[in-house]
Amino acid sequence: MSLLLQVIVNGLIAGSIYALVSCGFSLIYNTNRFMHFAHGVSVLVSGYILFTLFTLLNFNFYFALISSLVYSSFIGFLIFRIVYLPLQNRKASNVILLIASISLLLLFQNLLQMIYGANVKDIGFTDIKIGYEIGDVIITQNQIIILIISIILFVSLFLFMNKTKLGKNMRAVSENKELASIVGINSKKVSDLSFFIGSFLGGIAGVLISLEQNVTPYMGTMLTIKGFTSSIIGGIFSVPGSILGSYILGLAENLGILYLPSGYKDAISFVLLFLFLLLKPNGLFSSKRRVN
Amino acid sequence: MIFPYLIHILILIGIYSILSVSLNLVLGYSGLLNLGQIALFGIGAYTSALLSTNGVPFVVSFILAGIISAIFGLLLVFATKKLKGDYFALASLGFAFVIYSLLLNLKEITNGPLGITSIPKPTLFGFIIKENFYFLLLVLIICIISIYIINKIVNSGFGKLLSAMRDNELGLKVLGKNTSKLKYKAMLISGFFAGISGSLYAHYIGYIEPNTFYLTELIFILTIVIIGGIASIKGSVISTFLIIAISETSRFLPFPSSIVGPARQIVYSVILLIILIFKPRGLYGRIDLE
Amino acid sequence: MIIKDISKNFGGIKALNSVSLEIKKAKITAIIGPNGSGKTTLFNIISGIVAPDNGNIMFQEKDITKMQDFKIANLGISRTFQDVKLFKNLSVKDHIKISLTKDYESMIKSALKKDKNIDKEIESILKPFNLNEKLNDYVSDLSYGQRKLLDLAVAVSKNHSVLMLDEPVAGVNPKLRELISVILKNLSKKGETIILIEHDINFIMSLADYIYVLNFGSVIAHGPPKKIKNNKKVLEAYLGE
């Protein structure tokens, strides 16, 4: 019983990280109508900037933290302006945007591998790896932070999207871009904002997972795939759906390795991805729009 | 002294030409946005490697590699038949992930991340093709035959149907053509050739592992096909020449391989992005990727 | 063709409400009605692209209600679409070739056999459409009017016993409208069965033998042109309440 509880807690923690990635991914998809596979770049950038500033150059941790979040948000915005917008202006199809985004992700992965090497790097912020025992479950300080921060961010995102003017503008653009621009909403600015917010959330995921595990050039690709899978499971048209899908994925993975060898963890998400794309491409929670 | 290296480059060009032309067949001529072609390449490589390291003669391994890849290609089309456009592309990408994951995890069969080593050199009619020069001849013959066949197909009436299907599938259906069957046939051929190119790759390099058939290699092959031009066989072949030439000559740069490796990937990514933004039809393509 | 009680619901919107029609052989039957009245949906259901929720369709004594689109096409139903569905990167000649040739679907046969020379046949098919000068042009090089003509030519060249045309003169200039009108009249004289969707009332009145009027997914009137012309319900539907 306690093993099950521990597994569920682990699943929720993993789910929180995936949710941070996937809700940004879904937000960007809803606003811009294409898959931003390069979302993992914001994870990579935040992780490596944190490592560089804090671990290598010994800056103050919180300064390094804030810097990394700023940089990763900015990278998302730059990618939109430098790559996606020119492509969209040339009426590129979604497949071209998809290929371009995969290309960008690998570009950054290789760039970081070239600069820092392929091996994993530890952030070395050991304070937060202190574990607590709550009942039968062991949970570290960092893991508690992950859970709390995610919930705060999701609630904030919800409030932002539903209660603020900017948020409502974003939802208007995702519902109907043409109509929104007729009403005077600047869709380019809204897209900028979606990339900032989405990449910021991705950046937070990057920082948290770097502290929780380590920093590697492959974490961008891995989290993008997990985030993407979560969005597909929950329903890419729905940001809350993506969040729920993430927790489902986190739980499925951790429950799965109770019965399967641990190497199969990633296989579980790949298989779920493929199955959902085939059988339920709209996801579990998406009420509106059809796939095509 | 340069000669052996030239042979090496030509062998790679031959192998990748077959793969890129096979991808262009489904992507460019038939309109199937198959991002999972790399998985079929890998299935071919693994099939051939596993069979021949267990004593199966090369010719049999080679042909089976093509057949098994073709079957997986058919499975992919079958599984995704309700999906359109970019959702098909995503599902094919998902398929590539699943195959990668299987190659990585089914350790008893594939030896997992360690890969398969000591893949034997091909034996034809009792003659072991040990030297690269003879391997080059083998590759050239297979390459020429493969490209000839694919070229004949795309220029035939059947090929016209594929192009029509790419341009407007519904328009072709109301003319009474079974587009579903067309997709299966196109993927059958494409998968077969992807598989045999995988077999040649495995027997040449002598060692394969799951990462060889994942995202990095996918971008490599997509770069080749897009630069060459969608629906242009000539383009794919010329583009293979260019990209492999860049790739292999970069080995001589005076930097350690831990730098050159990723640097090469960065160059491909950048080239691909530039082409997509400025010249999406590539060198010889007349068609836009829809 | 007998269309009986066809209904179709699209996520809460009733596109077609128990619609019944009879398509008489060798006659031109027109389906008219304001935008959104369900005309194209009806065409899509007949040609097998969309499945109806209720009702059935009998064609030449066969029930084609649940048949696949390409199979229905092979039974002898040719159709055009409102948004012309041609093959952007193929030539005019290729379009007719694909339409005429049955063997292309076999990969081995068509790769090995040499293409039969059907140039004469293609020429005579394209003659009434004035497209012979454009034989080798790609669709992307044709004007809108020429595309409309090619669309019609492809449908006509395909082996068929019924022609379903969805707005064949939408957006074309008067000269072209006259040409298409002549082409359709000639086809009808030769005994062709034609079903027509159009907005241009004058075009319909001069061509149709029988007219069905749809509004909000239901048949509100049907009869020969004379009867429909002065029908109050039809006028109301078009002019709004």
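Letters A, B and C name the chains as they come in the text, with residue numbers starting at 1 for each one.
Just so we're on the same page, contacts are C-beta pairs under 8 Å (C-beta built on N, C-alpha and C of every residue); 3 or more make two chains touch, one makes a residue touch a chain.
It should be emphasised that the depicted structure is a prediction, and the values quoted were computed from it without experimental measurement.
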So which chain is the furthest away from subunit B, centre to centre on CA atoms? C
By C-alpha centres, the chain nearest the middle of everything shown is B
Centre distance in Å when subunit A and subunit B are each reduced to the mean of their C-alpha atoms: 31
Whole-Å separation of chain centres (CA-atom averages), subunit A against subunit C: 49
What is the distance, in whole Å, between the centres of subunit B and subunit C, each centre taken as the mean of its C-alpha atoms? 42
For the complex, which residues does subunit A have touching subunit B? 35, 83, 86-87, 90, 92-96, 98-100, 102-104, 106-107, 110-111, 113-114, 117-118, 221, 225, 261, 263-264, 266-267, 270-271, 273-274, 277-278, 281, 291-292
Which residues of subunit B touch subunit C in the complex? 152-153, 156-158, 160-161, 163-164, 166-168, 170-179, 181-182, 185, 189, 231, 286-287
Mind pulling up the subunit B residues that touch subunit A in the complex? 33, 35, 79-80, 82-87, 89-91, 94-95, 97-98, 100-102, 104-105, 107, 112, 215-216, 218-219, 222, 226, 258-259, 262-263, 265-266, 269-270, 272-273, 276-277, 280, 288-290
Quick check: in the complex, which residue numbers of subunit C touch subunit B? 47, 49, 69-71, 73-74, 78-79, 81, 85-90, 94, 97-99, 101, 103-107, 110-111, 115, 154, 158-159
